[in-house]
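Pasting the structures here.
Next come two complexes, and both contain chain A; in the first it sits with chain B, in the second with chain C.
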Partner chain A sequence: MSSIKEQFEIPAKLKTWSYALIGVGLLALIVGFITKGRGTEEEQAVFIGTIMYNTIFWTLVTNASMFFICITTLAMGGWQQSFRRIPEAISTMVPIFGSITVVVLLYVVFSGNHHIYHWLDTNAVASDEILKGKSGFLNVKFFTIWTLLAVGLWSLLGWRMRQLSNEADVAAFNGETGPSFIWRNTVRAAMFTVWFALTVGSTVPWLWLMSLDAHWYSTMYSWYTFASSFVSGMSLIALWVIYMKNKGYLEYTNEEHLHDLGKFMFAFSIFWTYLWFSQYMLIWYSNQPEETLYFKHRVQGVYKGIFFLNLIINFICPLLILMKRSTKRNYTLVTFMAVLIIFGHWIDFYQMVMGSISKEHVTLGWLDFGILSLFVGLMILFVAKALAKKPLIVKYHPFLKESIIHHT
Partner chain B sequence: MHLKYESQLREPLVYGTKTYHDVTEDIVRPIEAKPSKLWYIGFYIAVALLLFGIYSIYRDVTYGIGQWNLNKTIGWGWDITNFVWWVGIGHAGTLISAILLLFRQGWRTGVNRAAEAMTIFAVMCAGQFPIWHMGRVWMAFFVLPYANTRGPLWVNFNSPLLWDVFAISTYFTVSLLFWYSGLLPDLATVRDRAKTKLRKHLYGVASFGWTGSTKHWQRHESLSLVLAGLSTPLVLSVHTIVSFDFATSVVPGWHTTIFPPYFVAGAIFSGFAMVQSLMVIIRKVFGMEDYITMGHIEAMNKVIVLTGSIVGVAYLTELFMGWYSQNKYEGYTFWYSRANLFSPYGWSYWGMMACNVLSPQIFWFRKMRRNLFVTFFMSVIVNIGMWFERFVIIVTSLYRDYLPSAWSVYYSPSIWEIGFYLGTFGLFFTCFFLFAKYFPVIAIAEIKYVLKTTGESYKGKMGHLEHVPAEVFAHSGHGHTIVENDGAN
Partner chain C sequence: MAKKKFVVGCFDDEATLFPAVKKVRTAGYKIHDVYTPFAVHGLDHEMGLRETSLHTAGFIYGITGTTTALSFISWILTYDWPLNIGGKPHFALPAWIPIIFELTVLFAAVGMVLTFCYLCQLSPFIKKHHFHARATDDLFVMVIETTDKTNVEDLKAFLSNAGAVETDVQIAEEGWWLGRYDKDQVPFQNKIVAA
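Entry: the complex of A and B
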């Protein structure tokens, strides 16, 4: 019986790639700063907006990993234990990307960049009854406090969840310590989930994203944002699982587990579409100007192409490709679909943010891909480092054996 | 490799030392015995309510909709409230059968049969309301888009009310097929045990000549999978389209984009509450505590606290947007007509909040989730709350809208409106009592399927596996070395 590879050693190639991506990203950032960051206010808004949607996207996508751990814990899931260290490692990105998000957002509000957040323009607010009415929510003080609290508590509660997981590396549980371990996991998972509902499920997308269109509102908005980031988060987990499998790790994880990750990717792609359709159709159907203004230039203006691309990548492709059982059990196809879904929702975030900041021009170009490269590089490097810190198998987790014999 | 293993930390889903035969005996016994006195009392009450309902409908059809207290501008009152309420309840069965099947929740096997039956009866009750609300009910077939002799007169395909016709009839059909095809092996079991000729014949016809051959089982399994695949989007679509009835309009309080998922969450919430109400009674009356365990009750209470909280987030989101939008009509509806306790219908909003959002939070506590009295009480409270929710949405938005001169007088139902509602309870429970008498209330075949993995006595035999190191466990080949494989798969 060969002993299994429990300890991840970061391959040199992975490091090289991540440094290269970070290098490209930094270069793009510097060139972007020189060419746009010091230009007119509109250009500056595009420059900062580009960083903004990337950092928000990656914060929410990596945070989705912790949400995945917490909901499966609350549901007493067993199947995910064989690879749970993957989402754990991905969730260590939340403090890192979260800090970048905090810096970028606070820079925007404290510099009063009203090309990004119109509600920062004090003159406009003073002469606008609607914005004046909203100022109890849309103000710098509340924005700052809530942003710090959101990111801070995601990081803290996620960290507590990961700390608890370490206990499963030490020694086997017995009839007394086992239930207590599960119980403490449940409590911590519940705390994270409640905070998640109060932030990602409601307030945070209103504050960070929806308020880019200061007048516009949609009750669906936050759930829609959640669906977009969660399906990308599941795809990211699948990508890392496949990578680790290819490197000969995660012996207990096999196509049965991949199949279930594929189901998540499929189901939540459809769920995202469901929310997309519900929001869009209801606004289209009732045709009220204060609501349609959000979609007007996205459907009929320069964003038309992006608008339909979003639907094709995020709905049509998963529907047709991931529907089949054999696709979800195929490492190559799941890799392809995971990359496609993450890219698709990155485009979705692009249009959510830049579609509001730059209504007349589609700015998608080298800067966007450059910044994306920076975030992808950081993600690869730090997730790999986090993976190398702990054993890859939660050896003594009471549900590990259920995961080993898992079959769909 | 198909090992039988489940963590000892999980509660067994079937208690006691049971063989397959014991399972059959336990579940079929109520069908073969004479009904108890309690059954007769319950059944007669249900039939009496049904008769009262029929008389109420007779009043409505003979004298017209004027028998109800609907008025301008409250053209939808109890009637549509009850319709949405029943449709919502009718979500749990198919959710349990289809979505929990996809999520591989083993505990669904204890409750799915009764929940599916309940779903079908609830949808039947729901259907009564739009049908009799037509007034001239003999024209009901006009809702169907059939090739007609009326020239260009077609149904309005742009209307969500028509989408309802399609959504609900499809949902009803698929749910019925799902429920009935699941029943086939169990009906055959009852047939095979029948002592009289008539009984054998009737159950024989009902079970479509099921023989239990491998081929039958294979077809049965593929059919279940196909129907589960079809039902999953249907669970979502039905209440989504019901929510469109409101959300496509421009009525303040109705037009809000979160309605579809929030209605679905609410439907699951109320459906589980209804399943809970029925299950607590069934397990007691039929003595099925070994099959519908505290673990089952607890799992359903978890679903209730989850969906109640999701609904809570949606309520607060709407309320927030009522202010954030700075739209004075939305603001008036949400902050005056609803959230202001001292407005004419403020009581219903706070009733809804108390029943649906606040009180289910006690299910955060394990002790409460496993307390039968609390469970039953809360399941009733939740369904009262969900009734309030629909009443709030419908009536508080309609009674005062854009034009103050058209604001209506206070609306309360007439005796025939109430009678109609009580009548659907009669219909529901009449059907349910008959179901409980003549059909196995628990899916026998499915219990047998999980018995050897999660049955108490079988789990006991797996105890030694807990001490086997994970590596040894994983490399134990096909289970011969360390696992007792009884070959029952």
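Entry: the complex of A and C
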């Protein structure tokens, strides 16, 4: 153990880069506010929508890290222990990005911005049978409470999970404390997973994203959103693992672990496509006007290019490139694919949100990339800080050896 | 169908098998195969076996299935027998995807199973020599090919040194043959192993 570099020191370059990205992002935010944020209601909706999909995307992606820890814990997985501190550090972003999301969403809801959420328009709801039927779910009170609860409990339960892993830094476990440690991990992971299912797996995408098209619904939508965020989350973990390997940390992590991360990226890209297609085909086949309205301007309108680019980046590329075993064990190719997948799903979130807010014009431009750079910068800076706070190895975790000798 | 002389070393533990494989290889002997009661992780790597090309074969079978389904359905529904189904276009790609997918999986699965059997020389009416009955029970059986120059006694001693609990010399077919065990060869050649 003595030769292991346990403590991460933040390289100056990383700080410079993240500050630069945050600076660019803030600049874009300010310029965007001046040029669009004070314009017509449509322009304001585009401005807020752009921030909205970015913050929702990054909240869900970073939250996927904690979900990854919890499911591997529940499955009694040992292989992830050698780099477990990476997803832990990424999940510390949930309170930060979550708060931004809460602020943005509650601002939208309380300012009654019905260009974004049509169901906020009380006059429209009063004379609309469909919206009236949904009003028990789509109303300001429920939205507010559920959003606060979702972000609050993700942060709290994730924090409890991270606190527990601190015990593995202190002292070795024995036959008595070891199983009890694993059991407490299981219980806390289960609590998070159940809440995750009730939020990311169902209600949160309905409230935050699907209600942008207030009349439309799809039972695939939440799973689709979850798959999108989970595959990007796995890609983000892979990127950080590779970065740390490049800096000479994580000696116990090798291409065997990378291979498994690559498998997750591959498998959940396919899973995402499965949901994409299931949602698309059923609506295409039954051809009901109230269902096809979601796809109308995406498949036949101005969003056509982005809509199919999305499918190529998120399905064809991972399918053909990540299929080979040697690709999943290659640091360069996994890095490339991880960046591509995160970008692809960011585009996916873009068309999910902006395709509903701005149906006639594709708004993708400097503002989108500026806000993206703000979130990427924040993520890099705070994840690096979180990584520097704790040892990189859960030294006394009972399953650590399993991870060291891991073999795929 | 050449008979060859093999030296067989039996190990009763994975932990002794791995270093033994390494020692045998560095000593320059050629390992014919290692027969184990269960799949041993990393043994293929230790034996220096090349990566299997079964997945490449699977990919090709899958692509074949995709092309077969796509070309056949599109030929039927756009050229040979176009039907108006619910006012959909004749070239109704989304509706075909499930069938294309199923045929891809079917071709890949069946093709890979058959290829796997072929690579492992598994088939009805095909026989292979069994080096040790307990290879399917609790022994790890390492089989080493010999040449005219191999000193068999040396090799046996070498294996015992490396931790083999049992060693012997067998002259056997190296590949498969068509036929029946009872006629051509008693499968375990009087090697009734004492439990």
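The rule we apply is simple: the second predicted complex is superposed on the first by the 406 of 408 C-alpha atoms of A that agree within 3 Å, B and C clash if a C-alpha of one lies under 4 Å from a C-alpha of the other, contacts with A are read in each partner's own complex, and residues count from 1 in each chain.
Keep in mind that, in the parts below, contacts are C-beta pairs under 8 Å (C-beta built on N, C-alpha and C of every residue); 3 or more make two chains touch, one makes a residue touch a chain.
Here the structure is a predicted model, which is why all the values come from computation and not from measurement.
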Which superposed partner A:Y285 touches (first chain B, second chain C, both, neither): both
Partner chain in contact with A:R325 - chain B first, chain C second, else both or neither: second
Contacts of A:L400 with chain B and chain C, given as first, second, both or neither: first
In the superposition, chain B vs chain C on chain A residues touched: B
Which superposed partner A:N123 touches (first chain B, second chain C, both, neither): neither
Footprint overlap on chain A, comparing chain B with chain C: 285, 407
Touching residues on chain C, where the partner in the complex is chain A: 41-42, 51, 55, 59, 86-87, 94-95, 97-98
Chain B partner contacts - residues on chain A that touch it in the complex: 1, 3-4, 74-76, 78, 129-130, 133-134, 137, 172, 175, 178-179, 182, 190, 197, 201-202, 206, 217-223, 251-252, 263, 270, 274-275, 278-279, 282-283, 285-286, 288, 290, 393, 395-396, 398-402, 404-405, 407-408
Chain C-facing residues of chain A, complex: 277, 280-281, 284-285, 287, 323-325, 407
Chain A-facing residues of chain B, complex: 1-3, 5-10, 102-104, 233, 236, 240, 244, 247-250, 255-261, 302, 309-310, 313-314, 316-318, 320-321, 323-327, 364, 465, 467, 470-475
